[in-house]
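Structures for review follow.
One chain, chain A, links the two complexes that follow: it is found with chain B in the first and with chain C in the second.
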Partner chain A sequence: MSVTKQIGWLIIGLLALFGAACLHVLSGETAVSLGVMKDAIFQYDPSVMDHVLFREFRLSRTLTAILAGSSLALSGMLMQTLFNNPLAGPYILGINSGASLFVGLLLMSGISIGGAQLGIVGAALVGAFVSCIFMIGLSGYLRNQISLLLAGMMFGSFTSAIVSILQQLSGAEALKAFTMWSMGTLQQVSFEELYIFAGTVSVGILLAFSMGKYLNVLVLGEKPARLLGVNIVRTRIIILIAVAILAGVTTAFCGPIAFVGMAVPNLTRLVFKTQQHHLLIGMNLIIGALFVLICDALILNWAPVLPIPLNAFTSLIGAPFVLLILMRRVR
Partner chain B sequence: MIEISHAIVGHQRPLIEIEDLVLEKGKVYAIIGRNGGGKSTLLNSLLGHVPLISGNMKIDGMDVHSLRRSILAKHVAFVASKFDGIEYLKVREYISLGKFGSSSILGQLPKEEAEHVEQLLEELSLLPLAGKFTDRISDGERQLAAVARALAQDTPVLLLDEPTAFLDYKNKKRMMEKLVEIAEQKNKCIVLSTHDLELAMDNSLIFLAVHRGRLEVIERLEKERFSYYFE
Partner chain C sequence: MKFWFFSFLWLFLLSACSEEQKLTPIDNKDNICRYSKWLRIAEFPTYTQIDILNPSTNELLQTIKIGDGGIIPGATLATFSSTHIGMLAELNSLEKVVAVQDIQYVYNEILRNSFNAGRITSFGNEGSPDAERIVKSGAKVIIHSAYAGPFPNEKKLNEIGITCISNFDWSETHPLGKAEWLLLFGYLTGKKDLAKEKFKAIETAYLATFKNSTKGNERIISGNVYGDFWDTPAGESYHAQLIADAGGSYVYAQTKGIGSLSLALEKVVKDAENATIWLNPGFSTKESLIRANPKAKFIKAFTTGKIYCYTHDANKFWEMNAVQPHLILEDYRRIFTQQDLENLYFYREVL
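Here is the complex of A and B:
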């Protein structure tokens, strides 16, 4: 694809993203007038209740949706290229499980580190990194596409067993906090925390972007890539650090969100039919954000009639999509 | 140029003993011998994957097993016996990956390198396929693209593991002739392993016969001697 065409797609994508963001910010139980929206963004006044409500509940949720969707999709793409496996993704390979385990341990052990929210974020990040390291180790032994996924599922079962035991032992308060976190929500991130969230995601994106040309070669497989002069060990480590940062920080702030990381990269490759990873990175960021924005806008609009947790909603859409890919690409 | 001296090739146990061997530029060498005799191990050793049990192995005067990957990649290129193609990867992009070492951080190639890719497409008659996906062309075309990818690496030495194994007769013949042409015109040292003895003979390749743990250089192989080397 030529550079001008790529830029064209990027512009179209960004416009669609802007449209979806507007749609999302307007979705919700109470109506917000355009005037209030404009003022709250450009002339923010913390003494005006409407401004605070808009910023803390509407705008922060929209921005969280964008960050979460982008980073999950990108981390999924990185994993799929690295493991040469269209079924890889942060959820399936157990990054969420690791994060859940550590959040569970923290909440239900009753130890408090820093603020409650900060503690959850830290624990989830550590958990994501631990499971990422575990997967790096395993991927050395499990060459087969399916066996790596099975290993991820086993890891998931194992951690959820420990989490169940913890739940049995813990009190009502801790149990509630954990259950809320594990349902996945975009509402927990305050406007101030958004800076940390966005900053961390940016680091992950830059890291991924700097690895673009390595990702291009990795599609050949590890051995051919090594023969072309790629330092495989270093490349693997950097890519997995990016994955852990992206998937970890999102899981930390929003709880586990299933299937976005697996479905969106496949959709992107299917639409753009390319292996140029600089373009794929850009489009995954955009399509991931679009996907979560639209899902969450629907959730917001249906909430009065039928409240659906985000994690359940993305699973409802994502699980059949995995089946489709299994039938089409792996068989 | 490849120089091997007093070398014992093998994984844990010795497979081939090579007293003294020099492989020159402009020529094509065919490693032959029975399965399990060590043909692949020898190729893997030349690629730096399998260390020697003892002895020396040099490419362009440098010791293969102590070179960094990124430097070795400038001296040896490799073509596997089968390339299955990759979804959504176009032939031109695939060949350009051979130039990974000189691409920018955005994956862009310098002008003269991009021109070299075009030249290779032309030389190997791949231009009509340049925009096609690598998993949507025939086996013969794919193998040719793999050779082009290795040539794009622009190395003095080219190694191929049974490059004709999965091709039909016409494509086998074309592949062998092309390799001889490349060795002569581009002054490259080409080493391949093969079971297509007659084809290799027709193209007057120099045989490196792996036999009873030794490597024998045979300038002209007699047809009657075929079975001897496969005992």
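Here is the complex of A and C:
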């Protein structure tokens, strides 16, 4: 794909993203006028309820959706290239489960580390990182794509079993706190926390971009990549850190969100039919954000009639997509 | 000829007898329940008939005969809800309990001691224990909440003489309707007179507190956010009725429905702009509340109002709330008037 075409696609993607963000910010059960929106952004007054509602609930939710969708899609793409497996993704390969386990350990043990939210972010990052290392170790033994997928699911089941035991042993309030977190939502990130969220995601994105040319070679397989001079161990570690940061921080702030990290990278590859990772990174960031924004806007609009949790909605769309890919692979 | 005549006579008498055994639905004039929507009880000379209606369809779900060949009063019981234990405790009939769903959620000291002494079975955190374990527990009657329909293996259990009874006290819209299920336990344990006496006392106390309650200015919100939605009682629910009877002005009092509402958090924040009291957020400290729901800080009642919950002793609340609605009403009355707060029965301020 030529550079002009790539730039064209990026511009179209960004325009679509802007449109979806506008649609999302207007979705909700309370009416917000354009004047209130403008004032809430440029002349924010915390004593005015409409300003608070717009800034803390609408705008922060929209920005959270963009950050969550982008980071999950990018982490999924990195994993798919790293494992050379289109079925890889932070949810399928148990990265979310690992993050959940560590958050569960933190919340249900009653240990308080730093601020409440900071402790959860730290725990989720450690959990995501440990899971990544485990899956990388396993991928050395399991070359078959389906086997690795099954191993990821087993790992997810294993961590779920530990979480179930923790739930049995924990007090009612700790259990409730964990249940509330594990339901997954975009609405609990405050405007101040968005800076931490965006900052951490930016680190992950920069790491991914820095690995762009190595990722292009890695799709050929480890051996050819090594022959072309790629330091495999170093590349794997950096990708691993990027995945842990992106998936871990999103899981920490939003709870587990299923299938975005698996479905969006496949969709992007399907549309652009390219292995140029700089373009894929950019488009995954845009399409991931678009996907979550649209899902969440639909949820918000249907809420008065049919309240659906985000995690359930993304699973409803993502699970058939996994099935489709599996069927294509098996055939 | 003689043979045929006596054969027909025998068949006629047999069919006449079985007709007599068939129970017809209880008529309104025979029903002794006055508040419950889903429980009907009628006393006949030799037996008591209990009809249970299905809250989903409003139709008769189950007819139970107590005495005269039906359930023997005082039969052993397995209970699958904390509220059943509270009712049995009120009737001093805990010795009839041979099995509970999960001892972890039992507040009653007597029952806990019985469990420790190995006299009762706890099925653990499993929704549907297998029939074998139930038979082994020695229970003759199973009382369950029927959230998910009939009790698992209900037909099999009936065949071996174990009766499963659906208890819809949780679906009642009036607090006294919920408490009226005490009568069911009275008939089952053979203590119908005590049950009637106790219910009369509950009713008198509830109505007296209701009479003493004056409509105040306090705006009330209830519930908390779970995932994307805030769960709060609907305007025609049991909880909304309690708030109204205690003189509170519930934010969602005008909504329809007897269950709960799922609302967007931003809507609740806006609707609760003038609410000064927040009930039942599910946490006993503000620290744990804000940890689970960071945006609670935007709810006025969190920053400048008062929050009350029962979670410091949740098992006690869940066990006793159905049978002591007058005490909950009294707690609410005190909270809404901000008087005598140091002597609340179930509630405590969340600080």
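In this section, the second predicted complex is superposed on the first by the 328 of 331 C-alpha atoms of A that agree within 3 Å, B and C clash if a C-alpha of one lies under 4 Å from a C-alpha of the other, contacts with A are read in each partner's own complex, and residues count from 1 in each chain.
Here, a contact is a pair of C-beta atoms (placed from the backbone, for glycine too) under 8 Å apart; a residue touches a chain by one contact, two chains touch by 3 or more.
Given the structure is predicted, the values throughout are model-derived calculations rather than measurements.
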item	value
Chain A residues touched by each partner, larger count belonging to chain B or chain C	C
Which superposed partner A:S160 touches (first chain B, second chain C, both, neither)	neither
Which of chain B and chain C A:G184 touches, first, second, both or neither	second
Chain B versus chain C as contact partner of A:L300, first or second or both or neither	second
Which of chain B and chain C A:Q6 touches, first, second, both or neither	neither
Chain B versus chain C as contact partner of A:F57, first or second or both or neither	second
Chain B versus chain C as contact partner of A:Q275, first or second or both or neither	first
Sites on chain A touched by chain C in the complex	28-30, 49, 52-53, 56-58, 107, 116-117, 168, 172-173, 176-177, 179-181, 183-188, 190, 193, 255, 299-300, 303, 307, 309-311
Sites on chain C touched by chain A in the complex	125, 224-229, 262-267, 269-270, 273, 282-284, 287-288, 290-295, 298, 311, 314
Chain B-facing residues of chain A, complex	210, 212-213, 216-217, 219-220, 224, 226-231, 269, 273-278, 329
Residue ranges of chain B touching chain A (in the complex, touch as defined)	47, 69-74, 76-78, 80, 86-89, 93, 97-98, 100-101, 103-107, 133, 153
